[in-house]
Amino acid sequence: MHQLWLIPLLPLAGFAINGLFGRRLAKPVINAVAVGSVLLSFLWVLKTLSALGVFGGGESVLEQAYQEHYFTWIQSGSLNIGVDFAIDRLTAVMLMIVTGIGSLIHIYAVGYMAHEGGYYRFFAYLNLFMFFMLTLVLGANFLLLFVGWEGVGLCSYLLIGFYFLEKFATDAGNKAFIVNRIGDFGFSLAVFLIAMHFGSLDFGTVFGKVKDMPVESSAGWMTAIALLLFVGAAGKSAQIPLYVWLPDAMAGPTPVSALIHAATMVTAGVYMVARSSEIFLHAHGALEVVAIVGLATAFFAATMGLAQTDIKKVYAYSTVSQLGYMFLGLGSGAFSAGIFHVMTHAFFKALLFLGAGSVIHAMSGEQDLGKMGGLKKYTPITFATLLCASVAIAGIPPFSGYHSKDAILAAAYEFAPWMYWVGVVTAGMTAFYVFRAFFLAFFGEPRWKKAGHDKHEHGKHGHGHGEPHESPASMWIPLAVLAILSLVGGYINIPKWLEPMFKLHEEAPGTEWTVYVSVAAGVIGIALAALFYLVSPGIPEGLARTFSTPYRWIYNKYFVDEFYDALVVNPTVDGSRSLLWRVVDAGCIDGAVNGVGKTARAVGGILKRMQSGSIRSYAAWVVLGSIIVITAMSMAGGGK
Amino acid sequence: MPPLPASVPLSWYLMLSAILFALGVAGFLFRRNIITVFMSIELMLNAVNLSFVTFSYKLKQVDGHIFSFFVMVVAAAEAAVGLAIILTVFKNRQTLEIDEVSSLKN
Amino acid sequence: MPANAFPTGAEYLRFLPEIILTLAGVVIMLLEAIFTNDEQRKIFGPLSIVALLAALLASISAAGDPGAAFSNMLIIDGFASFFRALVIGIGIIAILSSTGYLRQERMLGGEYHALVLFSIMGQCVMVSANELIMIFIGLEISSIASYILAGYLRDDPRNNESALKYFLLGSFATAFLLYGVAWIYGLTGSTNLDQIRGALQTSAAPLVMAGAAAAFMFVGFGFKISAAPFQIWAPDVYQGAPAPVSGFLSVGPKAAAFAILLRVFMTAFGPIADRWEPMVWGCALATMIVGNFAALQQSNIKRMLAYSSIAHAGYVLVAVTAHSETGSAAAMFYLAAYAFTNLGAFAVVTYFARKGEKYVAIDDFAGLSQRQPAMAAMLTIFLLSLIGVPLTAGFFGKFYIFKAALDANLTWLTVLGLLNSAVAAYYYLRLLVVMYFKDPGDSVENLEPAGLSLQIAVYASALGTLLLGIFPGWVLDIASKSALK
Amino acid sequence: MSLLNIVLFLPLVGFLLLIFTPKGNDQLPRMLALGISLLVFVISLGLIGPFMGSTIPEGYQFITDSPWINSPPIRYHVGLDGLSLWLVLLTTLLTPIAVLVSWKSIGHRVKEFFAFLILLEFGLIGVFVSLDLFLFYVFWEVGLVPMYFLIGIWGHDRRIYAAVKFFLYTMAGSVLMLAGIIYLYNRAGTFDYVQILGQLQSGRLVLSSQAEMLLFSAFFLAFAIKVPLFPLHTWLPDAHVEAPTAGSIMLASVMLKMGTYGLVRYSVPLFPNAAHKAAPFIIGLAVIGIVYGALVALVQPNMKKLVAYSSVSHLGFVVLGVFSFTQQGLDGAVYQMLNHGISTGALFMLVGFLYERRHSLEISAYGGVATPAPNLAIVFLITTLASVGLPMLNNFVGEYLVLQGASQVNFTATVFAAVGVILSACYMLWLYQRTFYGKASESLSHHMPDLSAREWAVSLPLLLLMFWMGIYTQTFMPPISAQNARILQQYQQQQNRPQLAVTPDRNFSASEVANAR
Amino acid sequence: MDALLFMIFAAIAVVCAINLVVQRHPISSALSLVGVMGALAALYLLLGGEFIAAAQLVVYAGAIMVLFVFVIMLLNAGTEARGRRGWAHYAGVPLLLLLFGLIACLITRRMPASEDVVFGQFTKGGPLDIGRALFTTYLLPFEVTSVLILVAILGAIVLARKEID
């Protein structure tokens, strides 16, 4: 036994302590509990993995999943769902990412949230998130995965709505939860189908059975399962059409955006699809759908990222776009490349967000790129680390993004060349908007001086300093660590490590030129950004004016939110109110019920009129009655 | 006019009884004086008595007579009570109009 | 000439309850002349109750020695004994609940008690009669006494009207009954129920006319039990009569009338059951519907209870329709249950109405539960019993009746009847609503606590209602043992 | 005197004691009611004993079978099995909670209030332990009366309408059930449930298919009204909105379960063929109820009405599970009964807390409650999450099993039912947002103290159970599962058709795949 | 001869009965009723009911009708006024015809045939036979009738007596 349960339970303990007693605890204690629990968890991961021989580099390490069973969770008939944790190579990667990045971001948050109200609450939620995320990763069956899945959604909801006094924050929280629920709807249906067809939800059992199944006979329902799983993944990982919640989720504190909405939770969908790779490989056409949706998401999100003015929104769309990339990789069959990108993306995107947080911190809460500028000299460390992250995401070799993105694009090229080309364009756009944000923030005139710099509208940074300032050590140390990881992380050979898991698509990309093209696209993107925002800052406005219609569409995110509101939300609400409630419930059903009552009373009214009070009419009734009775009794029973 | 038979069938008596009964009912339905209405009931009882006596003849039994005797006694008792009730009604309302006694209704 | 022309001692013993009641009535009338002030006249109540208790004992002891009496005029069987005990019991509660009323109306006379005793005596004769003549005479004694009781407060126009309507229509219906009796006599040559049955069983019997004769008789009985369409008098009479009398009328004469209806139709007209069953079926349904639906619209509690009593007659008719031993037993049980319940309800109404029956609107009961919680609770028990909520007598009554009906394959009548009872819940609930959910109004102010005898009446009725509801077995066992075969 | 009898009759004793407590002292009835209900709860814990072993005993435990009425033979026959065990415990647990919840909020006619509450407990326990159809019916109706008074006397503005509606609705259904019971008696010669079931199974009693269908309909109608199943649900929102908090708790948590319990205990085992025939229709109604209830809940401006409609939705799941006739479906349905009892009871309780503070049930009267009352907000949040079926909380287990069971029978229905899960998040979170989030107004902050010790005391057990039942289901599930397996086995014996339990290699038809998409 | 007598008295009875119904003054009606009773007494004789015929005249026509006339006089009841007519008035005729038609139909069609009525064929209706039956078989009803009369007297007193105090 390696006591895997300790890994998620440590953060849970942190949550329990801070959640229950946090209000009465001093800040250092809260910090110690929150950060310490996650760090301990990280250490326990390291200890466990080393005990399992992961760092020894043995060839056959963890080829078979290592599993622990704790207790039966649900037992009904032949269906037995246990609380089981398992580690295999995929889990090991995810564990490292989650606990590693998680620890860094916890440390960062200590500095970032230092002046916030609800400090203990924040860390409690964050720890709870860690618990659920680790459960998600460790769970050895679909239902336990689902527990983590829903749990991280809950924490996401709580943390997005952390500033619950603000309506936009709680709205965003609700949106995130509900859109995720739509995805979960698909996931749960898939779970039902899996249990129905395999009689179990254990990964081992299910995938073992899948392996033995001939593709032809099972393609129909297997595709259904795969697609439903993907609906779930699309919800969690913000893919078209369910991506709408993620940009709004930036309403949460920045460390949350970094941890949940960039590095870990949103990649759960990728993890889940990769985990279910056996099913997808048996599902005819499902992979294609994954690839196409991923690509479309990557492309459209990138276009939307081009015109955002809020620094976190830029990175948010970038996240959506990058997630699309990962699904493109998965859909192309390069599962390991997808997971690889999960890791590198975790490094640089977490860094981007934390950097953005540092910028925002420096700007005392200002998020609008239009009001930044020239921050280079005020926040040098942030500047440097963000630069690392930006080059990493732009796919410039030899930094981490280059390695993983390249692997995905190569796989896409093999899968369908046109996908590769779209991917390349997207890569160019990615480089462009990332550097656009970078240049706007750190170069040019300090526009905040003009704007007066006395913004307190968000009310969360109550400390108005005169000048932008560098962040404290607890913030910049994680930045630095992540910067290093962003730069060199690409050399952790995840595809090789995962090879035994995804045997079918192990071979490395072949064609050389695809690499150059994609790198070139990144360079062009950076160059264009430099041209637009450093050299001649008038160009963007001119372009916006020239292409006003496309610009307006992009700027307004293609009006997708409005479209959903008009097509789904409003009809549902209005229809429920005016049709179902007022008409069907109050009108028809209750009307019928009350109508029965009214009818009965009306009948009573008629009957009581019989009682006119006049004796003679009473006598007439008696006579009438007797005629009826006599007739009835002489007629009935035959005439004898 | 057809020649009269020497004797009448039993059913003629019964028809007479029926006619009288019906006329009693008619009196109850059409008369408005409470006492007349009451008398109509007496007429109905008389009609019933005729039936009893007729059947008694048919069956050659005396029981029918006895029954009609009891009917008479009861009629007498009813008459006493009924008229007393009519008296109280008259005392309170100063009328014997049956339709006026209709305050309790619906 | 029958051999036993001179009655034996045993026969007198079988007739003892009636004798006791008659003597008691006469004694009270004599004392009436001697006792002139109200203080002395207070004795009439206890005296009547003693007489009734004695009669009850006598009827119970008579039940131990069943048999015919007085040239087969009477038949003291279990059925008769059950009903005799029932009507005597009704008499006790009726007397108890009227004492206070009479005192407050300043009509504390012996006549009232004597009339009640005579009326019960008539009912006893009815229920034990085995001969149409006896039935007729018993019916008339009971009815005439009832007419007088309905108009007992002779200065009250409502009482007059009630009595007049009851009397005229009652006599009218009796004429129909007699016409039917005459025909039956003519057709079968007898007025003895057993002999009529025998005659009708022979193939030569003219069944169409017998059916018509039975129909005439049904008009008379239907009137007494207030079956639709002969129920028409009941609301007016119950509303107009003094409250305790209404209570008495709604259970005593009705129970006795049901007894003879059951006996005549099941014994004498058993052979032509195929003729009367469909008719009674329709009649039962119509009665339930008329009673329940018209009651929905009532605002006067006495009138509402009158309609309710019509509806309850409808339920008993369902049992009659079943035409079986269980049906008979169910009807017996139901009448007993209903007697307790309705007497209790009317007793509370009597108490609440106060002098001159000022407060008889349902809305007047507003907030009763807060001023007189015990009385309100008792009325609640009665109302729940009338609704037919379990653990009250009314529920078991309904249960047995519908069980008998289903036994006899009267599925639709059962379903319709049960739905009717759901409708009925509405108007009883209205009273509960008013009593419990509304704030007290003027009508419950100055409400003196109830007098002792009325309290005894109410609590005894409630006890009976609950006992029959929780342990219905003992009454039902008696009923099923003594049911008509 | 078996333990069960004590648990059953102690509340009746309490009722009588309460009736005869002297007037004028309000504290005494409170203490008395609390004492008795707690005592009943503690004693009722002893009922778990036989069911906690490694093997679940066959048949009923704590049986008392003695004659009550000789002819017709009505017996006082009570017993406990895995199905009724938890429902009895739910009742005994929630009664003290309801008493405590009403501690301060009931200020007038205190004695009567607690008397009715305890009487209600008596009726409810009786329903769950009766093994005689007649006895069952008696208790079924007995529960009606106190609830009628609870709503009518201590309710809100339209309490009379609601109380009468509640009574008549239920009455209309139950009279037909009575007809059914009597008919069964006439055929079987006994009211004893066990014997009737035995006769039906051994073939000594054979019902024609028409008779069976009619009987099933009669029973079903009574149960469906109580559940309440769409479209027979309109009494529920009214009753809930108008009832006092304790009334809402008992109504939602326990009384509605009478209907679903009846379905599992009576409708399915007694009339399996009719149940099978009617199942598609009923599943349809259940699914409509799930979605419909959720949609209507979405737009309610009144908190209690919202929760009431959510009950319609939740109980649709229970019915869906029952009529899937699968082990998972039945297990889930029964589990969901308990879950709904805990979580919706807690919701009504919390809404009651809010009402006590602000005297309004309109959602628009709130907003920002989380700031002045963070603990209340947290408790409410956990309850909300339980209600929306978050894993590790109780409802998830039930909903999952129900849907898992249903998916094996009717995947289309499952898809629509699962939509209800989405919608539940919509209306509950929206409610939560509008009530607790945002800035609190001056007057609201002023009148919104955080949870008191008493309120904590009633909240904590429920919260604990939400987690317990969500995480360690093995405490509760084995007795339920064992009993359901028996029911299902009996059901399948009556069915001469292929069985519907989990069949791993069942082929998935093309049409169902299409539905899944 | 029998037929002729029957015809005469039947005609008197019917005419008087009709007169009872159509007369608007109660005294006229009462006298018509006496006429009916007299005619019926004669018919009873034809049917062999000597005692009952006598009783009819003495009790009915004599005592009861006198009581009626007495009350009519006491109350000084006049001619009925013509007033509004309820539905019963209009429905009365068809109802009556229906009822009568029904009874007549039953009597003529369904009554078992029996011999004609011949005066003197039945002679057991004399006082002796009646008396014997009354005091043996019908002893109980006879005795109980006394209670009935007692009740009637009591009722009359209760309702009609003048308040002394």
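Going by the order they are written in, the chains are A, B, C, D and E; count residues from 1 in each one.
Just so we're on the same page, contacts are C-beta pairs under 8 Å (C-beta built on N, C-alpha and C of every residue); 3 or more make two chains touch, one makes a residue touch a chain.
Remember, predicted model here, so these are calculated numbers, not experimental data.
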item	value
More contacts between chains, A-D or A-C	A-D
Centroid distance [mean C-alpha coordinates] between subunit C and subunit B, Å	27
Centre-to-centre distance between subunit E and subunit B (centres being mean Cα positions), rounded to whole Å	5
Computed distance of Cα centres, subunit E from subunit D, in Å	71
Separation of subunit C from subunit D, taking each centre as the mean of its C-alpha atoms, in whole Å	43
Subunit D: positions in contact with at least two other chains	168
Per-residue multi-chain contacts in subunit C, two or more chains	133, 137, 140, 144, 147-148, 151, 154, 163-165, 168, 172, 206, 208-209, 212, 235-236, 297, 426
Residue numbers of subunit A (touch at least two other chains)	597, 608, 611-616, 619-620, 623-624, 626, 630, 634
In contact (per the touch rule at the top): chain pairs	A-B, A-C, A-D, A-E, B-C, B-E, C-D, C-E
Subunit A-touching residues of subunit C, taken from the complex the two chains share	164-165, 168-169, 172-173, 176, 206-209, 211-212, 214-216, 218-219, 222-223, 228-230, 232-233, 235-236, 272, 274-276, 278-279, 282-283, 289-290, 293-298, 423, 426
In the complex with subunit A, residue positions of subunit E that touch it	86-89, 91-92, 95-96, 98-99, 102, 106, 110
Subunit B contact footprint on subunit E (complex, rising order)	1-4, 6-7, 10, 13-14, 17-18, 20-21, 23-24, 26, 29-30, 33, 36-37, 40, 43-44, 47-49, 51-52, 55-56, 59-60, 63-64, 67-68, 71-72, 74-75, 77, 80-81, 83-84, 86, 88-89, 92, 95-96, 99-100, 103-104, 107-108, 111, 114-118, 121-122, 124-125, 129-130, 133-134, 138, 141, 145, 148-149, 151-153, 155-156, 158-160
List of subunit D residues in touch with subunit C within their complex	68-72, 109, 112, 137-142, 144-145, 148-149, 152-153, 159-160, 163-164, 167-168, 171-172, 175-176, 178-179, 182-183, 185-186
Interface residues, subunit C side, partner subunit E - complex	1-2, 5, 7, 15, 18, 22, 25-26, 29, 69-71, 73-74, 109, 111, 114-115, 118, 121-122, 125, 131, 133-134, 137-138, 140-141, 144-145, 147-148, 151-152, 154, 163, 187, 206, 208-209, 212
